[in-house]
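Paired with chain B in one complex and with chain C in the other, chain A is shared by the two complexes that follow.
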Partner chain A sequence: MTVVVRTIARLLFPVALAFGGYVIMHGHLTPGGGFQGGAVAASALAMVLVAFGPSRLKDKKGLLSALESLGGTAFVVLGFLGLGVTFFANVLAGSHGLFGRPVPYGPNPGDLNTAGTLPLMNWAVGFKVLAGLGAVVLLFALFGGEDDR
Partner chain B sequence: MSAHIPILAIAVPLLGGFAVPLLAKLHKGLRDAWALLVVLFVGACVGYVAVHVFTQGLWVYVLGARHPQETLAPGGFPIRIMLVVDGMSAFMGVIAGLLALVAFPFALRFLPEEEGKSLALTLGLLLLAGILGMAYTGDLFNFFVFLEVTSIAACALIGFRTWTSRAPEAAFKTMLLYSLSGLLFLLAVAFLYGEYGALNLAYLARELRGTFVDRLALGLFLAALLMKAAAAPVHFWAPDAYGEVPAAKALLLVVNTQVSLYGLWRVLFTLYGGLWDAGVGWLVVALGLLTMVVAAFMALVQTDLGRLVAYGAVSQIGYMMLGVGVGLVSLAGRPEYGLVALKGGVFHMLNDALTVGLLFLCVGAVEWTKGTRDLRELGGLGHGLPEVALCFLLAGLALAGLPPLNGFASKILIYQGSFRLSPILTAVAVLASILLLAVFARAFQGAFLGPKAEVPNRVPGVFLLSMAVLAVGLLVLGLVPGFFLEGVVTPAAEALWRGRALYLAAVLGG
Partner chain C sequence: MSRWVMLLAFAVAAGFLIFGAVAVRPFGDPPRAEMDGYFNRFSQPEVAANNAVTAIVFDYRGYDTLGEATVLFTAVTGVALILRRWRA
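Coming up: the complex of A and B.
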């Protein structure tokens, strides 16, 4: 791709990743969540692929696959955390620990430090989707023929 | 811990599946041991659940609640995802656990490392998790989610050998049918959700009024689940799929079709049990007859051993549909023969799982030694592989329903029950069985008899062990069917026949 596209891609890559992270992090407060944020972050990978060609990311396949498995494992492990009560029980909510503050009543700007295990699950799903979708577009690009720069 | 066993049976294979690629990066042996350990644990879980349910009645488990039996949220409305395991669910879980226990040791030896063994193991464990989820869940949307989990895992396994020309085609065909089936199911769930504002199966079963939309949803449920269970006239994906999937994983596909049938029984007997309609039962009976005859005729002309066995497997789906369909037709008056046919249909699910499983393992062993499944090239293997030949013969005869094997035990119940409803049904079913006998006589002769053939590879011991387990099962179920009929099949059939009120009461109280 041309130098214009590559420069803009280089500038936008961290921004797109950060926006994906923002959507994941605020999943329990605003529209969005793990899947949506992961997809946004994966679009940053897709942008790099379009701008620089797949050769840049070829050796990242192992990393993406490991990240995907980690995301899936983390999600199920978070479910196991609740086993003292029931599977998937939200044990962190209201515990005054991590994400453990009680949800404030009435109109408020939203407290990030609430909702217990839900934000953690959002992160697990986010990483899984980022890695999974990233791997899919990477594979498409690798099998898509010549790398035209 | 024992209070959580139903969910552990689903969550542990899920966790196991995701962890397999990570462990594979550390050490291959560790990964194999882990997969085996997970399957053993699942087997123990489904066994424990079955014993508990058969002796003490329904087992309800509510996810994320303050305690596992808190089915109703404040306000008396079942809002959480829950597992409701009754006799039929537990029975289905046992079938899945049994075949997984046999399939995974076989698969660990059968799958070559360079063909992506880790991925196949991951997909196999995810498929197992999905199957058990479908069997145990008491929530319609949850059922749909697990339906999709099994669809995706199964399609990926079918298209696993991407370098062959036929596997991607089979996977594409299957994916098309599975996605259509999933969408129809989702549409039906959406109709019911729009009408009653609930997704809980027991709650919907109590509320259903039989409106036009309810009937539309029933049609969609029937279409979706029959499609996935490979009933005629939408059975054509199954021979391709069974033929192309790595042999050991075909066993999980067999359970996958059966659990779709289980879903159909759940919808017909529990969800729509209050709005009984003989027409629906007759439809199931008619499609069952069509399935068994079409598949038996198609099996006659196959030259590929895998596809031949696959058509045999499809024809058995027809027998289950006939048995349970006769039960459904006679549900209103509850005459004795209805329960007999229903028991036969349910018993046949277990028998079919063992028989078809053994046949697919034999096909896998033949493919392992000769590298081909084409009947025109095979022949004379009986001299070099006597154990495989014996197992194939046993399973073929059992599939055709010859005494004293297990297929006879369940088919005689189906014949007895359906004869009282209409002798024509029995005549067609017996005809299909005779055709199947011809099919398997020809296949046995083609593959194992004839002048002695070279056998390049020996069959590994673990293959023989897996096959021996199933072969012994065939004989035991055939020789002492009464024990299993009383202990395992009757609670499952009774759960469909009379268990609806108990199912509703376990979730909704009162």
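Coming up: the complex of A and C.
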């Protein structure tokens, strides 16, 4: 792509990644969550692929694979964490520990330190979706051939 | 002939859509609201999440989300399987 597209992509890439991280991080407070934030971050990867071509991210396949495996494993492990009650029981909610602050009923200001295992699951699913969608886009781009100048 | 069949199919589909648009229930008046009321009332005290949708997706229906993540994993696996460069 032209230098204009490359410059804009270079500028927007950290912004898009940060916005994806924000959507994931505030998943238990505001609309959004792991899936949505991961898709936003994956769109940043897709933008880099469009602007710079697939050779730029060719050696990142191992990283994406590791992230996907890490996210999936973390999600299942967090599900097993509640096995004392039921599968996927939220053991951390209201425990006054990590993410354990209780929330009163009704509208209230955002408090990141709530919701038990939900933020951790949001991060797990976010990394999983980021790596999964990013790997799909990267594979499509690599299949399409070499970079166009 | 096939033209009349297509017209008939179009009329039937359009009829269903128009019927659905006319007979739709008014917004905010579901026939059974027990589950909605439960989530509205208890998702904050029980799950301590301000976002009730996330409370449902990751807590009450966490198993469903696990299946969704599995669907995504399967899709990625299929793409990687089909689009890989086969070594001859």
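Keep this in mind: the second predicted complex is superposed on the first by the 145 of 149 C-alpha atoms of A that agree within 3 Å, B and C clash if a C-alpha of one lies under 4 Å from a C-alpha of the other, contacts with A are read in each partner's own complex, and residues count from 1 in each chain.
Everything below uses one rule, namely that contacts are C-beta pairs under 8 Å (C-beta built on N, C-alpha and C of every residue); 3 or more make two chains touch, one makes a residue touch a chain.
These numbers come from a predicted model, not from an experiment.
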| item | value |
| --- | --- |
| Which of chain B and chain C A:N90 touches, first, second, both or neither | both |
| Chain B versus chain C as contact partner of A:G72, first or second or both or neither | both |
| First, second, both or neither for A:F80, with chain B first and chain C second | first |
| Comparing the two partners chain B and chain C, which touches a greater set of residues in chain A | C |
| A:G37 touches, of chain B and chain C: first, second, both or neither? | neither |
| Partner chain in contact with A:G20 - chain B first, chain C second, else both or neither | neither |
| Chain B versus chain C as contact partner of A:L142, first or second or both or neither | second |
| Partner chain in contact with A:M121 - chain B first, chain C second, else both or neither | second |
| Which superposed partner A:P54 touches (first chain B, second chain C, both, neither) | neither |
| Footprint overlap on chain A, where chain B in one structure and chain C in the other make contact | 72, 76, 79, 87-88, 90 |
| Contact footprint of chain A on chain B as seen in their complex | 1, 4, 7-8, 11, 14-15, 17-22, 25, 61-68 |
| Complex contact set, residues of chain A against chain C | 27-31, 33-35, 68, 72, 75-76, 79, 87-88, 90, 93-94, 100-106, 108, 110-111, 114-118, 121-122, 125, 128-129, 132, 135-136, 139-140, 142-143 |
| Sites on chain A touched by chain B in the complex | 65-66, 69-70, 72-73, 76-77, 79-80, 82-83, 85-90 |
| Complex interface listing, chain C residues touching chain A | 41, 44-51, 53-55, 57-59, 62-63, 65-66, 68-69, 72-73, 75-76, 79-80, 83-84 |
